[in-house]
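A, B and C are the chain letters, set down in written order, and residue numbers restart from 1 in every chain.
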Amino acid sequence: MVQFIFYLFATVLIFAAVRVITVKNPVHAALHLVLAFFSMAAIWLLLEAEFLAIALVLVYVGAVMVLFLFVVMMLDINVATVSEGFTRYLSSGFLVGLLILLEMVAVVGSHHFGLKAMPAPTPMAADAVVNTVLLGNVLYTEYVYPFELAAIILLVAMVAAIALVMRPKRWSKYVKPEDQVVVKAQDRLTMVKMTAEKES
Amino acid sequence: MENIYLTIVLAPLIGAIIAGLFSVSRQTAHRITVTGVALSCLLSVYVFKLMVLDGAKPFDGAVYTWLASGNIQFEIGFLIDSLSAVMMVVVTFVSLMVHIYTIGYMADDEHIWPHDSLSAKNSYQRFFSYISLFTFSMLTLVMSNNFLQLFFGWEAVGLVSYLLIGFWFHRETAVYANLKAFLVNRVGDFGFLLGIAAIFLYFGNLHYADVFSNADALAHITIQILPNQEWSLMSVICILLFIGAMGKSAQVPLHVWLPDSMEGPTPISALIHAATMVTAGIFMVSRMSPLYELSETALSFILVIGALTALFMGFLGLVQNDIKRVVAYSTLSQLGYMTVALGASAYNAAIFHLMTHAFFKSLLFLGAGSVIIAMHHEQDMRKMGGLRKYLPITYWTSLIGSLALIGFPMFSGFFSKDAIIEAVHHAERAGAGFAYFAVVAGVFITALYSFRMFFLVFHGKERMDKHTREHLHEPANVVTWPLIALAVPSVVIGAIALGPMLYQGLFHNVIFIAEAHNPFPMAHYQGVWGFLIHGLTQWPFFLAMAGVATAATLYWRGFTHIPAQIQARLSWLHTLLVNKYGFDDFNEKVFAGGSRALGIFLWQVGDVKLIDNGMVNGSANTVGRIAQKIRHVQTGYLYHYAFAMIIGLLFLLGWFVHAA
Amino acid sequence: MNLANLHLLLPEIFVLSMACVILLVDAYWRKCLHGIAYQLSQATLVGALLFTAFISVKEPVIALSGTFVWDSMAKVLKLFIYVITFTVFLYSRQYLIDRNLFKGEFFVLGLFAMAGMMVMVSAHHFLTLYLGLELLSLSLYAMVAMHRDSAQASEAAMKYFVLGALASGMLLYGMSIIYGLTGSLDLTTIAGVIAENKIEPMLLKFGLVFILIGLAFKLGAVPFHMWLPDVYQGAPTAVTLFISSAPKLAAFAMLMRLLVEGLGSLNVDWQGMLLFLSVLSMALGNIVAIAQTNVKRMLAYSTISHVGFLLLGMLTAKEAGYAAAMFYTMVYTLMSLGAFGLLLLLSHAGFEAENLNDFKGLNRRQPWYALIMMIVVLSMAGVPPMLGFWAKWSVLSQVVAGGFMWLAVLAVLFSVIGAFYYLRIIKLMYFDAPTDNAPVLKPSADIHWALTLNGMVILVLGVLPESLMTVCRVALS
């Protein structure tokens, strides 16, 4: 039963991930990404990582992707230009991608990470402390320093976003009396000395 | 104590930097440099008191590790003992006098420069900066405790000398002279550098104390430079180092630069080309006495070279008409005397003569400078004469200098020169006989040319033009005071230093003389009076007197028409002397001409054809073409960049994970 | 929770708190207290310097459950980073005012970036290393994009951001592989587990490759350098100055922490990879720089070649080699400060000095700055007695001692090629006539003296290089 669920979600995940980069409509791509996240969350649930699974759904599916969809819809990106050159680079891209895939599979494939090399994790006992509690325990004790750093990164992201986007400037043309008062003659008129030129 | 040593060295450097690099006024420039040098002079005297009078233990230590490479430390350090203390006092004292003198000598230097030349604006400050820098360089040289720093000081004084000889670089002759000085010194420096390299190779260290303590162990090693030729290592090292000294101390045949260096302003002729820099070679050989004592061959070589210089350079002084050139040739000859002393293992006598010579020769130079100022930069003695009544102070001080130079009894030169002659007499190595003849004959020549100059300048008919005569007067106090200050040691220093320096072991443990070679054993010491009386009964005294008398009859009163007749009769000899034995022509034709021809050949064939067209331009063009090609990889497209990274990943994975 | 040794974090805590304070002060009082953010930032740097200088701990201390380490390398690098950042802010001031960028955000983001560097320098844990790197990178992305009206800057920021994300993804992937294999994120534990030799080496190498790519990207080593020329050129020069200086020190620390402390037993593997990156960087950096006409772009390629040299010191896998690499990095930051500092100075309102031709005849117009630029450029080319010569010398002597004679020869050859474009600047400054009648600039006294000091340091330390070398040797022993 567990195996069936795993393969189901795994298939959906790979399908969705491929569609993200192959569909032409960006809205569809975003929706496929949502699907991929969702399947991923399901797989994580199978691994008894329920906190991560819920966080993925809540944060990425619920917040980030919705925002993405809004942005994509608002920008109204031209579908044709995005896919331009797709076929041109397809062959070389495909070749390199395939090679990387082969190289990676050779290492992280079943030879080293299969069930023989790495035995499957034993299911947790029913009365064991759940994943979320464990995470909570270490997050504020052992990992307090990384945790604070992560918080600062979020702060920086906020500062950066505001600094880059906020425009206190008014775009319409208007009169600035304070600038008019301090203006000097030199600002308006530049004397240029030129040598006399003869007509050839 | 280290701080005191550091201050001694750095005070002139700071002065030089401030005067040279910051746009200060003329007054500030000379004040700051004179203060710096005065400070180091005072401290040097203090160190001298500690080391020489109180007999403090020598100091040998590093103040800064410049660079460590493997196990070898290249350090900046000081070796302060009686030898360096004497040198420090001599250098800083003469330098201080020259600094003060320069205030007067360079007072209207800007008139010498071409009109509206930019360099004239700060030439005064620049000059002070240079001479202070020179003092710094010379002090690093004499206070060094290792070969690297010695070499630094060695090159630095060479550099400053180059700058100063060509100080008036609008004159073509000055530029020629400084180039010549630099090139000739390079020849010597090459030998010097090879010598240091040999020491480094065989001793594995550049620190004096370590080298000296291992010298005995390596004394009998022979090396093969040419196939099947076994040469003593010590002789090779010593001769190589001495080649450096030949360049710096102007020994035949590397002496050719010194007379030409008179193109520089007179104060530096006094400071650099008489009192200090040229003595660097003498100092270096004395410092290396533990090495030289191990090589009879090298000492004989030194003896012969010194004797040649002492005698033949003196002859040249007889035919010169430029007042400074006469003094220059006398310097060459006196340097020859010092070298002879070195060759005779009388290192202490060499240092003794170095010291007395520093005082009286700078006195003579500054006196000549004073005459030149009074004559409005006229240097030809044929246009002088009878200056005695116009320049009384210069007259008397020059007389003292000349008497000291010829070795008139009780003047400083008398003691030091007689000591050298005694030492050569006593020496038993190859070439000593010739050297003895040379130094004794040299006494007569010295007296003759010194007083020829003296009489031509200060006595006889007044041959200058009317305009000059009307303006003749003694130069300012800053010029005359240094003359007086230098005249005092020129008279007395010999008698004072005779005992301690030669007989009583002032340089004990500093200068090493094998017992068999020591020309001045303590047992022979009879006191100053004994030395004096002994000297009065010897050849040199009579020869000197004869020289003065000859000069007086030929150039002052009596047979003043005779020189012209001699010149006419012996015109071939005169020509030979005027042409300086043809050294310059030989160098000009063979070395300069040969190198030019070789250079042109290499330039036309090697450089232009092979290197420029083939390698440089060829490879440059290739590189340029490659560069133009590769820069197009940087397309500006983001996905190309990302793709490059992926390719990199692919490659790293493929090569290092799967292939290896 | 283990909060012992929390005082070792005082500098970090101070810098971060001050960054927040400056953010607030700037938001409320920027009108009435002009330039308050700048002054407070400089004060923060001085304060951090004092805090760091006064913490004296002899032995390395690992604190906060193994996420943080205090050792002499961290101390030296932090102190150096403060000084460099201080100078960067100082040099940038006039430039920012001229371009209406003299705002609190620049300095706040700068401080945050610097905090990221401090975290990286003191990291002893994959997590802190990664978070420090992200903190630094994120701040830098924003700083590059700061000049919003410049299309070039936005494009550069975009490229930097996307490629940076790719690289940091790879780094993270590599870290997770190593974590999966060793079961730990702590560098000491990882080193211990790997030393037991129970793990299949191929898997470790696999993780190593990804980690190395993350490092190579941050340093700008070929072929992960593509962002560097575009970002150097596109970013406002003040930001370029910042990116080109202090972060390189942090990247060096990251190399030390990850490769030496964490994966030290894999040195045979990363030696080969570094060799590959190093040779490519020296070759490409030096050759392509010749074809550039934009100074910022040229200096970017020069950076790439310097990175190649730095990696040479690392790949000897010996303590002396690391010391040489550290010395090289420090010297490089000093030279970079000088070069970009002069570019900043030559730029004025409405004019961006960034073409080689802008240097034409600089000696006639401003001889003093031409002299400083000459010192910097000669140092970059490795001409004695400038400091850059000793940097190259110390690296090369280690390479030779490590037995890579051919590599040293190759490095010297590339340096010779590199000398061409450095000397071209000198030729332009001293032998060409000025093209435009650019005004003679009178920078404020502090900038003038800082630049003078910058040049003098390169010259004076070049004559007396031993002190800085000793600092590096002691820091790593």
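Everything below uses one rule, namely that a contact is a pair of C-beta atoms (placed from the backbone, for glycine too) under 8 Å apart; a residue touches a chain by one contact, two chains touch by 3 or more.
If you're wondering where the values come from, they're calculated on a predicted model, not measured in any experiment.
**Q** Just say which it is for the chain contacts: an open line, a closed ring, a star, complete, or other.
**A** Graph shape here is complete: every pair of chains touches.
**Q** Between A-B and A-C, which chain pair is linked by more C-beta pairs in contact?
**A** Most contacts of the two pairs: A-C.
**Q** Give me the ID of the chain with the smallest distance between its Cα centroid and the all-protein Cα centroid.
**A** If we average C-alpha coordinates per chain, C lands closest to the whole-structure average.
**Q** Rounded to the nearest whole Å, what is the centre-to-centre distance of chain B and chain C, using the mean of the C-alpha atoms as each centre?
**A** Distance between chain centres: 49 Å.
**Q** Could you give the separation in Å between the centres of chain A and chain B, each centre being the mean of its C-alpha atoms?
**A** Each chain's C-alpha centroid was found; their separation is 76 Å.
**Q** Take the average of all CA coordinates in chain A, do the same for chain C, and state the distance between these two points in whole angstrom.
**A** 27
**Q** Could you tell me which residues belong to chain A and also touch two or more other chains?
**A** 104, 107
**Q** Out of chain B, which residues touch more than one other chain, so two or more?
**A** 647, 649, 653, 657
**Q** If a residue has to touch 2 or more other chains to count, which residues of chain C qualify?
**A** 202, 206
**Q** For a test of understanding, state which residues of chain B touch chain C in their complex under the given definition.
**A** My answer: residues 64-69, 620, 623-624, 626-628, 630-631, 634, 636, 638, 640-642, 644-645, 647-649, 652-653, 655-657, 660.
**Q** How about chain A: which of its residues touch chain B in the complex?
**A** 89, 93, 96, 99-100, 103-104, 106-107
**Q** Which chain C residues qualify as touching chain A in the complex?
**A** 1-2, 9, 16, 20, 23, 64-65, 67-68, 103, 105, 108-109, 112, 115, 119, 125, 127-128, 131-132, 134-135, 138-139, 141-142, 145-146, 148, 177, 200, 202-203, 206
**Q** Quick check on the complex: what are the chain C residues that touch chain B?
**A** 158-159, 162-163, 166-167, 170, 202, 205-206, 209-210, 212-213, 216-217, 223-224, 226-227, 229-230, 269, 272-273, 276, 284, 287-292, 397, 417, 420, 464-466, 469
**Q** Along chain A, where are the residues that touch chain C in the complex?
**A** The touching residues are 104, 107-108, 112, 140-146, 149-150, 152-153, 155-157, 159-160, 163-164, 167.
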